[in-house]
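So that we are looking at the same thing, I have put the structure below in structure tokens.
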């Protein structure tokens, strides 16, 4: 009982920390003027998300998150940013136009709506969630799902990645007559 | 029989489009096809059993089953006459186009034949959707015929024409959908009578624009002025009849209660159009303007007769449709012939062409006096019946009609004397020849038809409806 | 016999068609002969019909022959049929007979005109139309013939189409007649509605007085238009623009008298609408006075005769309106003779003076062309109604009939007598001015006698014939003593007035005196020129302007029409009808430009559009649940 | 041990036949990709093109066979993919479009580099679409969506030297990513609300009018509307259609719209029957927006490709009318309409491509002048396509519109019919405007681009007018045949559509 | 379950999503726009996983993993495009990419 409550407090504390970090980094990504810092902030964001995943007892996803995302994708990002050189543009560079106002309004509206909806449900169906077994979210668990129910999804994922790779090659590779045509 | 009537010109059109013919042979082939079509029609006329009346030569094949739409064609007494008008007028128009030597002959002739098939289809279709299909199919060749072979202002004219017409016919499409689905069939013969005002108005919109009825004639002057004479002839002579035919076949036959309900307003519009058109024709500055506005007036008259919904009015309207078709075809062709010689249709620059041009004078004079409905002419017979019929709906309508008769005399005489009489106009050179034999060969048959009809208008009036009782046949919904 | 009637009707039509189709292939002269021949054939047919009709019982003297159903509508039918009865036969004889003479005369008169063929085709067409009018077996065909004569009159008045004046006159005539046609048509519609048919028989039917009055009015409208009576008389003088034979045939002998025929033919309806009948008589009286007055100041030889025609037809209307149908018809016949005679004699004068028509330039022709002078004299005497010339017998009996019509009748009677005086005056004014006195310089310069060839013969022979007829033609009936015409027409049109013989005598005496008085006055002023012609500037201006009828109608009808048309162009057609669609399209395109402007090409805009619409969509979804 | 493994991995039974079309195309793609490396440059293009064409042809055949054999639809591979006539009819359309697109592309893809990849991606995109229409749960749906979307992003930018292509690709990618993120979040919410990702299971969860569900539904509608380029999610369409290589545009306009609409129909009808009262209205409103915006904007376009893009927006509206009817008739209308529509848009873009090649500049209304008389075949075909778009009789477009309106009326929405009618009227202006440009304008001031030898590196001028492109013309004629034929022989097509829509639970 | 309810996680997810949206809407540097899209996807992922936990159902996690892969692919293509644009000397500003408009 005590343990449970202690654990509860502990989890709460971790959650608060992670959530805060997550939100903060997200805001940072959007608001940094230098894409380099934004990218770094996103890494932080991903990390804190991974913590949240752990709290949600999804070890495998958390791991994947850290490895795939923070490991691969972000590195690529940083590489590209470094390749083309960081270009500074302040988020509110343009004078507050109807564009910006609309943007803030629309995004805010979406955010508020989501929060409200969740708030509405918070007391109801979202209140009491199922208990999960220990194996939930474990690699084997995921693996089995992947090879049974979601075989196709698994395959498709690989195909998508392949296609993307081709795209990367085509677009990224140095064009034969790129320069002289300019 | 009916199918052959529809398909022959279409087939000929495709042959002409596909085969690499030279201009002469293409034109000759087209003319041949048109004449063959006339022959077919005569055949149909002979074989149609007028004593028995009603729908004949009917052919039906289901087109798409789940909505009960079918390819269903056939002819009634009155449609026979309209088909006849179509084939004769088209033959004349094609002949004229051939003689005048339109550039891109193959395309041109093909389109003319295509148009023939479409119009014949309109008069023969016995299924709402099929009717709509043909009704629209007419527009496809017309759009190009006006737009490509027309005068300087052709683009605006053709666009206006098509948009106007489509505005109406799309409303009609909506009506067709609602009507057909609510009656659960699109077959014009089986479909029951409806009492819905909205559906009725949808149809009326389409036909009123096509005819045209008074406030909806915005497309008319430009289209008639800018298109080449033979196309203008077809537009005012034949295509406009599709609108009147629609009134008769669908709007009046299938919507008895709305007709009762809207009779007065429609008659009023028609009457206004009659006077309005006559007045404008009286002041129109050029030949085509006069003929154009006069045909606005004439279609108003026809509409009056139709919406009188009694034996006299219906008979008169059918007769008058045929008359006006032949008359305005002839007049537009003559206008074209005059313009070929003077390079202008401007009345103020014409005149004195009767001197030394007896053929032109005679033909124009004859057509003109028939056009102004001098008694004993078929046009007189038509107008007389129409006005006698509408008199039963109220003497006022006929008084308006009588006034219009006087105005008609005024504008036709103005037209005739502006072209033929007085001293020679600046645009008329002595080198302008009299009508050539070829031209005579085009118009004289039309005039001959008119004279024959003048001798025996009852040929049409007696053979349009079962037992010459249009009212009862219409009231039964032309089953 | 019915074949005779059909021959009579169709032979001129055949000639017209033949001449038209033959075109240049036949010589001009041939065309003339063809037309003349056809008219004589028609006359032969008429005579044959007349003879065979004579052989019948009076009751069997009405025969209808239907060729085919002309038009039909439901139960209503009208056949292409002719009616042969005493009335129509009488008209057939007059029309074809006089017509034949005049067509023959035209051969000479129109000689050398480049478009002779067209002329003769028109003439033949006219004779056909006129015969159709009088033979038409039902009201519709009557109306058909009615319109056809209007048409051919239009064609013939405007025959010299280079002359704007001629064309204008032709149009005027046609449109005025079209007005008459329209009113007749309306009457016919009413009849169709009430009786469902247009046979002449239905006219005797039972109708409410309103219906009868309306129908009668409609028919009267047609009659006055065709016969140039008040108020539609203004076209006739202008119609003199046509060739003189045309004036003789159409505007004297036949067409203009059709109104009288119409009233007699449809007398049944007029009898059931007495007020309209009186109106007809009154119009006749008015016309004969006005025309007589105007004729006093005319200087165009043909116009003088034209006005005299108007006034003579006024007499006929008077008679027909009063119900003295036989007398009206009788005067119609005699008038056909002497008026045609006058016109043709005048034609010869004009021909001799190279198409000069102004009587002020004429004079002293009596010695130059004595026979013509005699013919003209005969005609004039007949016109004035001097015993024993034709006019005397026919006109006076009409006036006598007026006395048998109560007070109103006496008014008309007085008017008629006054008219007689005027007739004498203006007729002989003309005669004296043209023929008496010394030849004017113009005449000396231009006069050339008739050649003794075909032209001369064809000109002279018909005149001679008509001169004889104008003399003896009237002797057929002398109302107080013998009246075969009345009995002949008995079955067709039973007169409603029968003047007592004393009324006949009194009237004749007075009329004769007044006529002579008129002649005497004319002799004083124009013949021997004992006194200078008195001048009444104001009165003369009114007369010369023909009582301002033209101006009146111009202001009342023509200008308003033109204004209306122009106004419609300026305020309705161009701005509303033509522009509306264009402006609508323009507005639509502007709207489109607006929409296209939103497509900024900025990525953020696109995302914004999506985001905001998702927000809206979501809120709505959640809200409506 | 083995048994344990067996039990551990209860491998689902895999219906290879059902997946045959997809696999064929994937194989074709793979081979084409290999050809890019193995085949010598000169032969590369024909080989790759042939491979892709073969792939599409075979896939077409498989789809037909499957259509015949799948009278009773059922899920395959653990219900991740649905094998039924709806899937296969869409598959037939997509495969056909791909085949024609290959033909149209042939001369376009002259430049030596990436020709192999191009055809590989073309095939891959087709495969993704074939899978997309069969997707039976939100995950496969999302993945397949990304699959063909990414392929299309790359295809847009395949000419890395055309700035327009790159710009279009980036816009497409960013907006597309944004859209699919929204779709994804919606999917997540739906998943949360119902605890299921399979479409039938979502319906079975019986959570009508649940807040989360509706929220998710809204986002899913938006995501699918985006792919169908329905207003107001349409704004990427004109730019991408204009910027992308014309054959790619042709393929996109025909195939993408087809699959997006079919999937929208399937998802809405299968997964959200309970909320039909909500989404029918929403779809109707979206349809109206698309009609209005698409037509109005198209009125003022100068470029033909842009005009066609906007017209495809408005046609999304017409077809959504059918979807919004939420009835068997509506499904029939949509599935029928897709056939002539695909043909017409492919054909019209093909004609644009042909014109582009002989002018060497973007095709505008002005420089279409006289085209109809110079190239009668293409001109007449274009004429027919325009009439079809405008819904004239003698083309399938008329019947399609007719059915869509009929469905709307049956659903009780006469006002929608009226809106559609007015939209059609407006659309006439620009469709006929193109015909007018092609046939009624004089052509003196027109300049044909000098013909270039595309094989030479760098391309070198030959002069003279470009050669007639037999493949492209064949494709156009095929489209013409379908467009016109679908009017006359419409009963069979309607039957196809009927059976296809019968596999949905209306 | 111990710790905060699912609702809290979802709130965070929603916040991420909203922030990402804002980023896409206001940022002009395509790189950062791509990053923002990543944030949106991550928000969705968090929601998926929270729901998976809440429902004790593995599908959500699978979905999330798949999304990661997809996100990666999108990034690859996006970066490729950016590089290509950069090679054409195009300034990295989405507002400057407006040659296609109207």
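A, B, C, D and E are the chain letters, set down in written order, and residue numbers restart from 1 in every chain.
Following the convention adopted for this analysis, a residue touches a chain if its C-beta (ideal position, glycine included) is under 8 Å from a C-beta of that chain, and two chains touch if they have at least 3 such contacts.
Computed from a predicted structure; not experimentally measured.
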>> Going by the touch criterion stated earlier, list every chain that contacts chain A and also contacts chain C.
In response: D, E
>> Give me the set of chains touching chain C intersected with the set touching chain E.
In response: A, D
> If you walk from chain to touching chain, how few steps can bring you from chain B to chain E?
Replying inline: 2
>> Going by the contact definition above, tell me which chain pair has the most C-beta pairs touching.
In response: A-E
> Of the other chains, whose C-alpha centre is the longest way from the centre of chain D?
Replying inline: C
> By C-alpha centroid distance to the whole-protein centroid, which chain wins?
Replying inline: B
> Farthest chain from chain A, comparing Cα centres?
Replying inline: C
> At what distance in angstrom does the C-alpha mean of chain D lie from that of chain B?
Replying inline: 44
>> As a quick test, compute the distance in whole Å between the mean CA positions of chain B and chain C.
In response: 36
> Can you give the whole-Å distance between the Cα centres of chain D and chain E?
Replying inline: 26
>> Need the CA-centroid distance for the pair chain A / chain E, whole Å please.
In response: 6
> For chain D, which residues are shared contacts with two or more other chains?
Replying inline: 139, 143, 146, 150, 153-154, 157, 160-161, 170-171, 174, 178, 182, 211, 215, 238-239, 300-301, 429
>> Can you pull out the residues of chain A that are in contact with at least two other chains?
In response: 102-103, 106-107, 110, 113-114, 117, 121, 149-150, 153, 156-157, 160, 163-164, 167, 170-171, 175, 178
> Touching two or more other chains, which residues of chain C qualify?
Replying inline: 585, 596, 599, 601-605, 607-608, 611, 614, 618, 622
>> Per the touch rule above, enumerate the chain pairs that touch, sorted by label.
In response: A-C, A-D, A-E, B-C, B-D, C-D, C-E, D-E
> What does chain D use to touch chain C in their complex?
Replying inline: 170-171, 174-175, 178-179, 182, 209, 211, 214-215, 217-219, 221-222, 226, 232-233, 235-236, 238-239, 278, 282, 293, 295-301, 426, 429
>> Please output the residues of chain A touching chain C within their complex, sorted ascending.
In response: 99, 102-103, 105-107, 109-110, 113, 117
>> Looking at the complex, which residues from chain C come into contact with chain B?
In response: 20, 23-24, 68-76, 80, 115, 118, 132, 140, 143-148, 150-151, 154-155, 158, 161-162, 164, 167, 170-171, 174-175, 178-179, 181-183, 185-186, 188-190, 192-193, 561-562, 564-566, 568-569, 572-573, 577-578, 580-582, 585
> For chain E, which residues count as touching chain D in their complex?
Replying inline: 10, 13, 17, 20-21, 24, 30, 33-34, 37, 40-41, 43-44, 47-48, 50-51, 54-55, 57, 59-60, 62-63, 66-67, 70, 73-74, 77-78, 81-82, 84-85, 87-88, 90, 94, 97, 99-102
>> Can you tell me which positions in chain A touch chain E when the two form their complex?
In response: 4, 7-8, 11-12, 14-15, 19, 22-23, 26-27, 29-30, 32, 35, 38-39, 42, 45-46, 49, 52-53, 55-58, 60-61, 64-65, 68-69, 72-73, 76-77, 80-81, 83-84, 87, 89, 91-94, 100, 102-104, 106-108, 110-111, 114-115, 118-119, 121-122, 126-127, 129-133, 136-137, 141-142, 145-146, 149-150, 153, 156-157, 160-161, 163-165, 167-168, 170-172, 174-175, 178, 182
